[in-house]
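Which chain is which? They are A, B, C and D, in the order written, and residues in each are numbered from 1.
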């Protein structure tokens, strides 16, 4: 009973702190760039504001456009229920594994892309096309990395992977870090950050992720942005789970969970800092340079895998 | 029965054909439960020309698929054939369709070689005629011809394979062939022959050339049957050989099949993204899915060779389930494409768009199909994809050898890429047809499909969802099927899990729960939005288009949508790109208009088949010269033959 | 013995046929050849005293030595060409080749144990060489009628063979053969006549429309 | 006496047709005569299948199951073709391609042709067998030369010369055989009976192997010319394409089978002396060569009837391969193939006749949209093409399948593989031409519509056989074929 409660808490935490992470990254970026930047809590204010605003919906669009934000949020939420964050087990771990997780994100992307086309705006369609393009190039690398990560546990079941990895202790092989790098690249691609995409721009010709949601406003926009930040947290958490799976509460008792929470916060912060460093130190790539980056990720993960086989 | 031209007669006919489909499905379900039962045994004039029909659980599974799709197709036909009334003989089409379904059923029910080849060829011939149904349309002739020839040549390989088996088993009955044991070399020979023979039917690259021609040429419900079911008979046949008639072979079988499958899948999906003709695109996507299926078979064969029965069972389960799923959603999509074709009189997606408002039902069903094709949870496509991923992961986790594991990893990468591209494809398919603004007059005038067509599509869409959230729909069938296959009785028991969950080799998921989770997510989203935001209004407005009013010609086209792929894979696909700029001589810096055409050349044909064909014809022309019309030379040939034979007789 | 002699004569006459120029004279040679055959047949009849052989001899002389040459000659007269028989190759060469064929055939038949048919019978090689020469004539000549003549040469050779090996085929069969030969000669001359009507020539060069 | 009547009726019919005045009368006589002939022949077949081999006029006539199979073919195809002739000749007459005299000649020679072929199936003496075959050549040459055209003349001439030569070579073989028989058995038996099939088809008879072997080579080459084995087949396409369509059907469907029958008889007899291993390779070689030869000619063919003729060459090849494979299965397959091919090919030739008369050309390139133009003939032609290339559910699939099966069982897998490959290739080529002719939108000329029931209904008979025998062969027929196969294996069925 208690663990169910805690696992529910896990889900709630993810949903709630997601905007915070976004704000944190923005802030750190600003500081690193020597600006004051917005408040850390700014995203919350934004969301609240959007929620209360009336929405303008394109005449050209259909019910797909209206439904999309809810589907996306729903899918992201479902994904959130699968990922252990500060406990080894997650609420709905029995429902699915890594594959389901990936495909839930894919589902969200699917609808975002369609909504982008639905408005009839060529920016939306362009963005949709690029979104699908980048993601389809990221997918193979992602899966190989997951395979590499899941290999020691011999299962694609997240909780068991985490548990197994936690037992395993600190990995020494350099191979392991190849995998980490590969996965990091993928996380950046999936979250739509520099150098693959720039979340803060609305410069028409360069947007990828922002394109499809260009037409959104009001509640819908709020939901979309919220789920975007949730997805980001989830991916960070996943990175943490697969690469540094320590400090997660093995059992559902208060102290352990608190410890887990603390560790989780630290992890998020660390990743956030790293990400913002990357963002301020590199420039966005041309679209057709992206395949090389992702290819590199694939190669890295394959190396990692081969090495693991040979050891 | 089909002579009735009166409305009543037609109704009757449609009714009967629908009944036939239903009966087939029922027999499939029936067959799944019981053991082998012989349906018919007719003695032939000569030895080994008996006709033997029987149902095993193995064939029953395919019967079930044939039945469901057949039923849908027959219902769909009732509305769809109206398009042809007056122009063509509808009864002929209907009769052909039923014969086609019957022949496919015959293939999976055949109990000996003669019956199998008979049904197999009848299936090919009838489908050839169905492809040629609209033979006045340009390109149809060629499509049908290529189809007929390829499939016939494939059949020759099969025939020889069968005869080799006969040679060692001394019988033409499958039941007896199974006991025979062949020398390794003969085994591999038969395997290769079967791979070529069934690969031709399955459209494995480079034997696929007929598929993207023939499937679009046929009437849509026939395309649905061909893509959805006929290709599966190839899978059935290949499994019949590899699992029943042959003993487990060396590892390279599996590797070869795996590689071939991956190659085919990638080729198929990339070309599908290059197509703007909807039905051709779907045909290429069928090639992709056949590739995926053969990847699964390859994994299964590798496991079999290594004696890892359990893993093999999982892989086979994946293959069977995905085969059934593909049958469902691909036939659904073809029917949807047919509905659109009937409504807008074009399959060119660049000229469609915005149909969701004109044909909401079709759009809804197509959405289901597209989601399934993209393997999105909680639809059936995902279940199959997940199983396949699991079996490939299993190969990566504990494949028999390091290299094989690496092969597994690469296969995983390939499947992931293909899957993602398939998602891209589905978005393109649905969005470019139904969303944004109609890009042509026909599209603006489109009408919703007739009731029977909607019923058929609805049936399939519903079964897509059902098979997605309640995988036990097929799981049970797969169970029995694997039980039938020698040596799996133990292993297949591992597939058994709670009715709501499905097991892979190393993991398990509960799709139903996932579906529920999604629903909760949706509710939560709505609730949150409502709770935080309270009630707000929505106003309709123009789409932001840099201040210009939005016109259909400004919206994205299918060609543009998949451009990034063409660019990224140009080394592989060598796309042709023609940009014509219409300049005004007076103002050379401003062009009046641009016409851009980008398409993918049919590489395999241009590099492999065309040259070979030309060589053949040239050779024939040359050889034909020996009949030069001079009677004396003929006498000379006669004399020469005589002398040669005499000499031959003397010197031996 | 006598048959062997005849057969040699026949072969020589056949070679002569290869040599001569004009069609008329080749018809004459043909008649002569058939006459020889008839006489040989008569002699054989006298030897064996079998009525059938006598009848055959008479038939041979009537049909092959008189009727057939007459028909052919008549046709030629109708067509009224006196020009020589055109060939693809020169006379010398063709004679050489024909003799070559004959030699080849002797070499071959040496190796075949036709001796079983009876050591005294030497006619088989001769018959075969007549067959070859007949074919050779048909192949080398352009004039259609010469091909008919070639056919008859072959027939003669075979008749001789039958005669020498088994006193001819069973009677009824022989009759049938005679009938066939006769009718085919009639057909040949009809066709030649029509060729002349159609092409104003009986050269096979006109018969080259049907190819491939 | 039945065989004698079977011979006399067509001869008489021919004579009457020649003497009679007025086309209508001639047609009536012709129809009556051919019907009676076929009835008699079929009656003969029936009796044979019931009572086994029967002889008449002492030993002169002999009809065994082997001959009966071919008799049945003659009866069926002959009757169909004679029905078809009526409409065909009427049109030719109407279009002025033929005049009354030629029509008379046509019917005269037609029945004589039938008579000669019937004789081939019924005479006992193998010398007379040769005579009959030669007779068929001469008679049919008249038919081939019927049209007053240069091409017809040319075809007839080539036919006559090549087959005449071939047959002459065969005669050498016959003489050698006879001589050897006389030499070995002449003292013991009556010389006249020595060439009788009933006497020679006896496994215990041993003649001189050397001589018989030599004789068989001559027979194979000679009769092979008539059967149409490559590379002696060059007369075949010319004659088939130039003859009047019904005659083409007879030539390809029946005559070649008769020649094959004769060749088989001689092969069996020779086999008793020199053993089958001497003979089989020759048959298989000739067969495969014919199949492979036919393909390029079909692939780049422009003339419809020539294409069909080459397909006939191919099928004679298949039959030869089947005979070469031998054994009860192989022989049965060969005979079934003979029958099925006769049906399908006569069907195709008559359909082709309709096409050519409708479009006024034999050039396949000029024929388009036949499915629309000829609503009956078009589909029938398509079915015929599919059937002739061995696709189920048509009869040739059954027989070709059994040929292949027998081949594998008889330890000749490579021959069968080559054969199957050849068949597949030829299917491709023929389908290519057929689909170009049948499908697509027709040009404005000629107007759609069949030529009349005389040229459509006769096609139904062979069509029925082609379709029905694909799925079910009545036991009577299979029984007859088994008997025939038994005869070929050397044992007397009765």
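Throughout what follows, a residue touches a chain if its C-beta (ideal position, glycine included) is under 8 Å from a C-beta of that chain, and two chains touch if they have at least 3 such contacts.
This structure is a prediction, so every number in the text was calculated from the model and none was measured.
Q: Centre to centre, using CA atoms, which chain is the farthest one from chain D?
A: So the chain farthest away from chain D turns out to be A.
Q: Using mean C-alpha positions as chain centres, tell me how far chain B is from chain D in Å, no decimals.
A: From the centre of chain B to the centre of chain D is 45 Å.
Q: What's the distance between the Cα centroids of chain C and chain D, rounded to whole Å?
A: 30
Q: Averaging over Cα atoms per chain, report the distance between chain A and chain B in Å.
A: Chain centroid spacing, chain A to chain B, equals 35 Å.
Q: So how far apart, in whole Å, are chain B and chain C when each is placed at the average of its C-alpha atoms?
A: 69
Q: Send over the residues of chain D in touch with two or more other chains.
A: In chain D, the residues touching two or more other chains are 157-158, 161, 165, 169, 214, 237, 297, 300.
Q: By residue number and range, which residues of chain C touch two or more other chains?
A: Answer for chain C, listing residues that touch two or more other chains: 112, 135, 138, 147, 204, 207-210, 212.
Q: Of all possible chain pairs, which ones touch?
A: Every touching chain pair, ordered by label, is A-B, B-C, B-D, C-D.
Q: Okay, in this complex, where on chain D does chain C touch?
A: Per the touch definition, chain D meets chain C at residues 125, 127-128, 130-131, 134-135, 137-138, 141-142, 145, 148, 150-151, 153-158, 160-161, 164-165, 168-169, 171-172, 174-176, 178-180, 182-183, 186, 191-192, 194-195, 208, 210-211, 214, 237-238, 241-242, 297, 300-301, 306.
Q: Can you list the residues on chain B that touch chain D in the complex?
A: Chain B reaches chain D through residues 42, 44-49, 51, 114, 117-118, 121-122, 125, 132, 135-136, 140-141, 144-145, 148-149, 152-153, 155-156, 159-160, 163-164, 166-167, 172, 616-617, 619-621, 623-624, 626-627, 631, 634-635, 637-638, 641-642, 645-646, 649.
Q: Chain B touches which residues of chain C in the complex?
A: Answer in residue numbers: 88, 104, 108, 111-112, 132, 135, 138-142, 147, 204, 207-212.
Q: List the residues on chain D that touch chain B in their complex, please.
A: Residue list for chain D touching chain B: 157-158, 161-162, 165-166, 169, 213-214, 217-218, 220-221, 225, 231-232, 234-235, 237, 282, 295-297, 299-300, 329, 332-333, 336, 371, 386, 391-393, 397-398, 401-402, 404-405, 408-409, 413, 416-417, 420-421, 423-424, 427-428, 431-432, 435-436, 439-441, 469, 471-473, 475, 477-478, 481.
Q: Mind listing the chain C positions that touch chain D in their complex?
A: Listed in rising order, the residues are 112-114, 116-118, 124, 127-128, 131, 134-135, 138, 144, 147, 151, 154-155, 158, 161-162, 165-166, 169-173, 176-177, 179-180, 183-184, 187-188, 191, 194-195, 198-199, 204, 206-210, 212.
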